[in-house]
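Here subunit A shows up in two complexes: once beside subunit B, once beside subunit C.
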Partner chain A sequence: MWQKLKDGIEIRIGLTDLIENRLRQYRVPSDTNIFYTLGIVTMAAYVVQAITGYFLLMYYVPHSEHAFRSVQDIMTIIPFGWFVRMVHMVAANLMVALLFIHFISIFFMGSYKKPREITWLAGGLLLLVTLAFCLSGYLLPWSQRSYWATTIVSNLPTAFPVIGDALANLLRGGDSVTGVTLTRFFSLHVGFLPPVFLSIVGLHIFLVWRIGLSVPPLSQSAEEESEWTEFRHATYSRSYPFYPNFLLKEVSMIMLFLAVTFFIMSFMPTLFLPEAATTPADPLNTPADIKPEWYFLAPYQMLKMIPNKFLGISLQIIAIIVFLFWPFFDTRAERNIMKRPLIFGLFLVLLALWFLLTYWGRYSA
Partner chain B sequence: MRYIYILSLVILVSAATTASAGYREIFEKEFLSKPWSTDIVAESSCIECHTSEVMDEKFRSIPQDWRVSWHAQNNVSCHDCHGGDSEDASMAMSHKRGFIGSPNYTDIPDMCGKCHIGILKNYVESGHGKALIEEGTGPNCITCHGSHNVQKVHIDIINAQLCSKCHPYERAKIMKQALFLTDKKIESIEDDLADLRKQGVYPDREEKSLFNTQAQFRTLFHTIDVAVVKDKTNFFTSELNGIEDEIKATFEELSFRKKFSTFLMLIFAGSWAIITLIIRSKD
Partner chain C sequence: MKRRSFLGVLGTIFGVTAFGSVAYPLLRYLGPPQAKIDAGKQSFKKADVGDAREIVFQNTPAIIINRPGKGYIALSRVCTHLGCLIDYDRKSKKLICPCHAGFFNLEGRVESGPPPKALTTFPLRVEGEDIIIG
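Moving on, here comes the complex of A and B:
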């Protein structure tokens, strides 16, 4: 029976050939480290978000009168609703953290260099889409925290002269955060952003697959270092098959990601759920301490520090553009960052500054 | 070309680090003065006037007293007690809009009783209430509770210093003893509810039940009749026990959630360890 089923599948889709030629013969460098798996772990986090998001969608009511109550019902009345929501919330934060680490490691290993510039660009866009996911999803529980954090963030476009107010009003659907904003953010979160994300992720994975993984800069051979004048799949002096070796490594890291998710749910359940997140939104009662979520703290603190709002937002936009197109600016072939002290120093300063601003933003008045 | 972009980053870094001393004022001015916020954070015309320089000094502390009050924490504002139109300065003190201003001494219970209906009924039947109605001299609500800085009621409001201003403390002391256990139970439930909130739970059902029970309880003792309190204590104890049971169930649910998540954590951590060992053995 089993054999018959296997044969049936084999005849129709050629599974053995697929595994042999597409997975086993697909080679990856054997000296890859765990940082090479972060892309697939982030993708796994997205899948977790999609599944849990789908279940939340069954009970969530995107209306300012009912949103908070429906979320509380998910947490208390719906069987295992708390589990689905907690996984959704914790994995969302971990997904952002994973993306940050992924970018830091890619930068550090110079893996964005020719011919992988578009892969970096697609990754950068994915980070921005993920942050848009977070921003839009953040408002949905309609709690004091989500309401006021969104109020702050949605006011940022007003920094632009002439079109600023119109932009902010377009985002919010009015002068302030209201039920209209909730509906807009909800439709963005579940309708617009997922296909955009999946399209870009498709391009990103295609490019990684088509070009092949980069080799860590310290173990690059002369052949691997040779200039890319025409398209070729990456070749490696030492490699192993994608399946099962590298796939197992990826699966192990996904297991670790899930273990960390459940660790936070077990021992730090309120890490991303402070008291203001369990208080219904009250537009008439401004909380004393309004803070955006941790990943927006650094830009938020920076805006607070720069006296001119337009200058502040312009600098941030410049920073985003430089970040997105960085591989096209940094065209030198040298991938070993240790041999480029200026870039290395700048990288460390920016990283330290990010942490400092985040810390400052968290604890400043 | 790349140096231009490096320069941009340097500008970015230096601009961020050269913090202006007045950044917060500017931030607040620019971020909190937009149309979206003015509708929301605009203060009522009562507060605007009462905090202005033109106001008589003895009335200027009223908004500050109110801001730290239990009423303020529960969104009970000036016009809720004093009437008038808080959104329109020209009509803020209009009698046509129900403005009362400073009520007469004997009218104060009616003013408070607009919301605290059960307590008013209980109070007018009490010795305190009768003295006020019949002689115009008995204590009214603010005698014990204060006015603009009214705080959340605590059993310690019954104390020798306050009560003996008018009469010997002995009877009040017996009353306090009769209330003590029920009050302690309410306090303990309040602590549990605060704890639940800290653990990410929104216990609104329990909070509403407690609020109702507490409100009923308070309608009991303004008559200062110890026998009535003793008679009803069992009823309130059973009501409060019901709330405690619900809270206990929520704590048990939280404990289950923790165990369930830990179980899954161990499963996935174990899977990670096993797969890592397999990878090592293959290498």
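Moving on, here comes the complex of A and C:
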């Protein structure tokens, strides 16, 4: 019976051939380290977001008079509603953390160099889209924290002369945050961003698959280093099959991600839920300690410190553009960052600055 | 004109017209009409000397302050930095923004912190027991 079913499927789909030729014979370099799995782990985080987000949608009401109540009901009345919401919230934070580590490791290993520039660009866009997910999702519970954090962020464009105010009003659908802003962010969060995210992921993964994984710079052989003058799939001097070897590595890292998610939910449940997140939005009262999420603290502190609003925001836009197009600026073929002391030093300084600003933003007035 | 370049020009014209006719409505769609409750003037109760009263004037959170020796002033509470609402601190006689420590004096002018300009002032008149703004 089972065999008959298997044969029936085999005749129609050719699974054995797929597994044999597309997975088993697909090679990855044997020097890949655990950082090579971060992309898939981030994708798993997205899938977790999509599933929990879908369940939240069943009870969440996107209206300024009901949103806060509906989220409280999810937390207290709906059986295991707290579970669904906490997973969505914790995994959202971890997803951003994963993207940061993914990006830092790609940078250190020089994997963005020719021919992988477009892969980097797509990845950079994915980071921006994920931050847009977080920003729009943040408003949805309609708490004091949601309301005032969104007020601050949606006022950032006003730093631009002439078009600034119009831009901010377009974003909010009015000159302050209202129910119109809530439905607007809701439609972004659940309707617009997911297909955009998935299309870019498609391109990103297609390119990784098509070109083949990079070999870590320290174990690159001369042949692997040869100049890319026409399209070819990467070839390796030492490699192992994608399936089952590498896939197993990926699955165990996904399990680590899930373990961290559930560990935080069980033992540090208020890590991402300060008091202002559990008070309903009050447009006539700004609470004392409004801080953005940890990943926005550094840019936020930078904005606070630069006395000129326009200068502060322009600097950040330039930084984003340089980040997105970095492989097109840094075209030297040398992939070993140890042989590029200047770039290496500069990047360490930037990282240190980021941590410093984050710490400062967290603890300053 | 060759048949092919004529078709190219025609296609471009139609394309631009179609695109423009879609882009304009969509852009307008994104900016809903503002609830204009332009009541013109509104009247409010007086406050004691040294006290302040938080009000909402034409959809904007505002504050009426009875400044000792200088009389009433009506200011918008919306911080000119990034839009948080300022609070009146009775002790120091200052208006303080809780978000990035912007300080304003009782005329609404910036004393310290990141706000780039003074708070909006509303014209105000005292009539008997009432304060008329607008």
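The rule we apply is simple: the second predicted complex is superposed on the first by the 365 of 365 C-alpha atoms of A that agree within 3 Å, B and C clash if a C-alpha of one lies under 4 Å from a C-alpha of the other, contacts with A are read in each partner's own complex, and residues count from 1 in each chain.
As a convention for this text, a residue touches a chain if its C-beta (ideal position, glycine included) is under 8 Å from a C-beta of that chain, and two chains touch if they have at least 3 such contacts.
Note that the structure is predicted; figures quoted are calculated from it, not measured.
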Q: Return fit or clash for subunit B versus subunit C, each positioned on subunit A through the superposition.
A: clash
Q: Spot which of subunit B and subunit C makes contact with more residues of subunit A, would you?
A: B
Q: For A:Leu170, select first, second, both or neither according to whether it touches subunit B, subunit C, the two together, or no partner.
A: second
Q: Check the residue A:Ala352 against both partner chains and state whether it touches subunit B (first), subunit C (second), both, or neither.
A: neither
Q.
Touch test for A:Glu275: subunit B only (first), subunit C only (second), both, or neither?
A. first
Q.
Quick check on the superposed pair: does A:Pro287 touch subunit B, subunit C, both, or neither? Answer first, second, both or neither.
A. second
**Q.** Touching partner for A:Trp148 - first (subunit B), second (subunit C), both, neither
**A.** second
Q: Return first, second, both or neither, reflecting whether A:Pro307 touches subunit B, subunit C, both chains, or no partner chain.
A: both
Q: Based on the superposed arrangement, let me know which partner A:Val180 touches: subunit B (first), subunit C (second), both, or neither?
A: second
Q: Considering only the touch criterion stated at the top, classify A:Gln72 as touching first (subunit B), second (subunit C), both, or neither.
A: first
(Q) Give me the intersection of subunit A's contacts with subunit B and its contacts with subunit C, in residue numbers. (A) 151-152, 155, 158, 174-176, 283-286, 304, 307, 309, 365
Q: Sort out for me which residues of subunit C touch subunit A in the complex.
A: 30-32, 34, 54, 56, 59, 61, 78, 81-85, 87, 97-101, 114, 116
Q | Complex contacts: residues of subunit A adjacent to subunit C | A | 148, 151-152, 154-156, 158, 169-170, 173-176, 180, 283-290, 304, 307, 309, 365
Q. Once bound in the complex, which stretches of subunit B touch subunit A?
A. 1-2, 5-6, 8-9, 11-13, 15-17, 19-20, 22-24, 26-27, 30-31, 34-37, 39-41, 75, 197-202, 204, 257-258, 260-262, 264-265, 268-269, 271-272, 275-276, 278-279, 282
**Q.** Contact set on subunit A toward subunit B in their complex
**A.** 72, 75-76, 82-83, 86, 151-152, 155, 158-159, 165, 168, 172, 174-177, 244-245, 248-249, 251-253, 255-256, 258-259, 262-263, 265-267, 269-270, 273, 275, 277-280, 283-286, 302-309, 311-312, 315, 318-319, 322, 326, 329-332, 342, 346, 349-350, 353, 357, 365
